[in-house]
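I have placed the structure first, in the form of structure tokens, so that the comments after it can refer back to it.
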Amino acid sequence: MEPKSLASTLFLFFLLFGTLAASPTLKSKPRPRRPPPCKRLVFYFHDIIYNGRNSKNATAVIVGAPAWGNKTILAGANHFGNVVVFDDPITLDNNLHSTPVGRAQGFYLYDKKDIFTAWLGFSFVFNSTQHRGSINFAGADPLMNKTRDISVIGGTGDFFMTRGIATLMTDAFEGEVYFRLRVDIKLYECW
Amino acid sequence: MEPKSLASTLFLFFLLFGTLAASPTLKSKPRPRRPPPCKRLVFYFHDIIYNGRNSKNATAVIVGAPAWGNKTILAGANHFGNVVVFDDPITLDNNLHSTPVGRAQGFYLYDKKDIFTAWLGFSFVFNSTQHRGSINFAGADPLMNKTRDISVIGGTGDFFMTRGIATLMTDAFEGEVYFRLRVDIKLYECW
Amino acid sequence: MEPKSLASTLFLFFLLFGTLAASPTLKSKPRPRRPPPCKRLVFYFHDIIYNGRNSKNATAVIVGAPAWGNKTILAGANHFGNVVVFDDPITLDNNLHSTPVGRAQGFYLYDKKDIFTAWLGFSFVFNSTQHRGSINFAGADPLMNKTRDISVIGGTGDFFMTRGIATLMTDAFEGEVYFRLRVDIKLYECW
């Protein structure tokens, strides 16, 4: 190797590794590059909680409550301790009255006294010409954040053995009876 | 290549790809071929719900109920909102009195008012010479269907890091106190 | 190969494969060798159950109970049927008063009448310079065992798509109000 070439190689070396060595001092850690999802789906689902008077329209019901709560109104202290079981319609757009393409079924619970935070375990159940099978979800939902990620922990039928991430966004929130979530499902393991 | 051979090759080509091109017009989507499971296990488990009088035999208990329910009888509206915690014996055959090979432990909840549908989160816990460790399950159980699939979301011990599908079948259903499920576990990720 | 060398090779051969062939007769099945984790993390989390008088300090609350239970004291029969929702501080050491590095959020339920056994569904939620994102857990916790394994069923953010095993150990247990778990997280799928 000639001296000039060596010098430029060393220069390149420091350029590359000097940058890398410096990176830990950066305030926000660089996010590793992610592969693109093998499948992506966006849905909305609609939750109407039973309040003692809406039994016809309700899609969800309070089934667990703390000592200071009851079953027809979400408890104080940011609903801490409320467990809700639901069977919510899934739609392709944000209209509650659109024809459902499936059902979101499972439970959520409010788990923090200082702020609204939930934990979810549920499935999207499809049985149409477009999708057949289920996608299973679990994870924490700090619902005051604009978006939050939960895990796709498995699937059946068209979604056999799938895994991924679902990004939730509260699309509407009306009083304490109705909310609508937008779910952006990104699958990274497809079989 | 001779002209005749070319013609027959083209014919074969159209036969193959013409068929493929036509397939989207078929009404039922062809199911993609699945790999064979790396492990397969079949078990039964037995659920006896506490009704206020059977505390000795009961293996399950109502712990959550909607406003219109209580803890010793499953609620109206297809049990919508009932949450049940269980510790059920697992057997190799469909006999409740066979020696258990493990315990099915976790919860299920009824989540629909129009029809019986459930959501399950539970584990099979083994501690015998044959199997040691646990298999973890989650998913929707539309229990009026003859068979339905839930996800194997993980495992420990002999089932370290496993994933797969479990096909549930209601093998018996007696009143609202006893039911027996047949579980056909197909593991597709074995470590 | 010379005769002597052949003889010693054969000897070595039988030594190796004779042993392997004999192993199925051993009483305890040899555990297959596991790969090393791609990431390992140890944390503690602290659970203080609401007892009707400690609303300021409580991090957990009884939300489900069997017919014979209530919401301010864990039920008889080994707490069978109690469901508890929690938002517990996560610390790096075993000191409840250390600065939390995240929150453990979700639920556990007691699912056996003869002995203490639980089932857990929860997340570790991190939002610090060190860790951002969540780790999701599910599994059976036979809590009278010194250690027990549950599944890491997914993750988000820094723990994108992760899977693994978490080994739980009860590090402290004071009356029926406070307990502390040590969690040794071993991730085997890192993205």
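Order of writing sets the labels: A, B and C. Residues in every chain begin at 1.
Heads up, the rule we're going with is that a contact is a pair of C-beta atoms (placed from the backbone, for glycine too) under 8 Å apart; a residue touches a chain by one contact, two chains touch by 3 or more.
Everything numeric in this text was worked out from a predicted model, so none of it was measured.
A.B. asks: Same or different for chain A and chain C, where same means more than half of the interface numbers show up on both copies?
C.D. replies: Copies use mostly different positions to touch.
A.B. asks: Between chain A and chain B, two copies of one chain sequence, what rotation angle (nearest 5 degrees) aligns their Cα atoms?
C.D. replies: To bring chain A onto chain B, one rotates by 120 degrees.
A.B. asks: Would you kindly tell me how far, in whole Å, the mean C-alpha position of chain C lies from that of chain A?
C.D. replies: 23
A.B. asks: Out of chain B, which residues touch more than one other chain, so two or more?
C.D. replies: Expected reply: 63-64, 83, 121, 138, 153.
A.B. asks: Mind pulling up the chain C residues that touch chain A in the complex?
C.D. replies: Touch residues, chain C against chain A: 50, 52, 61-64, 70-72, 83, 85-87, 103, 105-107, 121-123, 125, 129, 132-134, 136, 138, 153-158, 160-161, 191.
A.B. asks: Quick check on the complex: what are the chain A residues that touch chain C?
C.D. replies: 27, 29, 32, 34-35, 63-67, 80-83, 109-113, 117, 119, 121, 138-140, 142, 149-153, 163-165, 188-189
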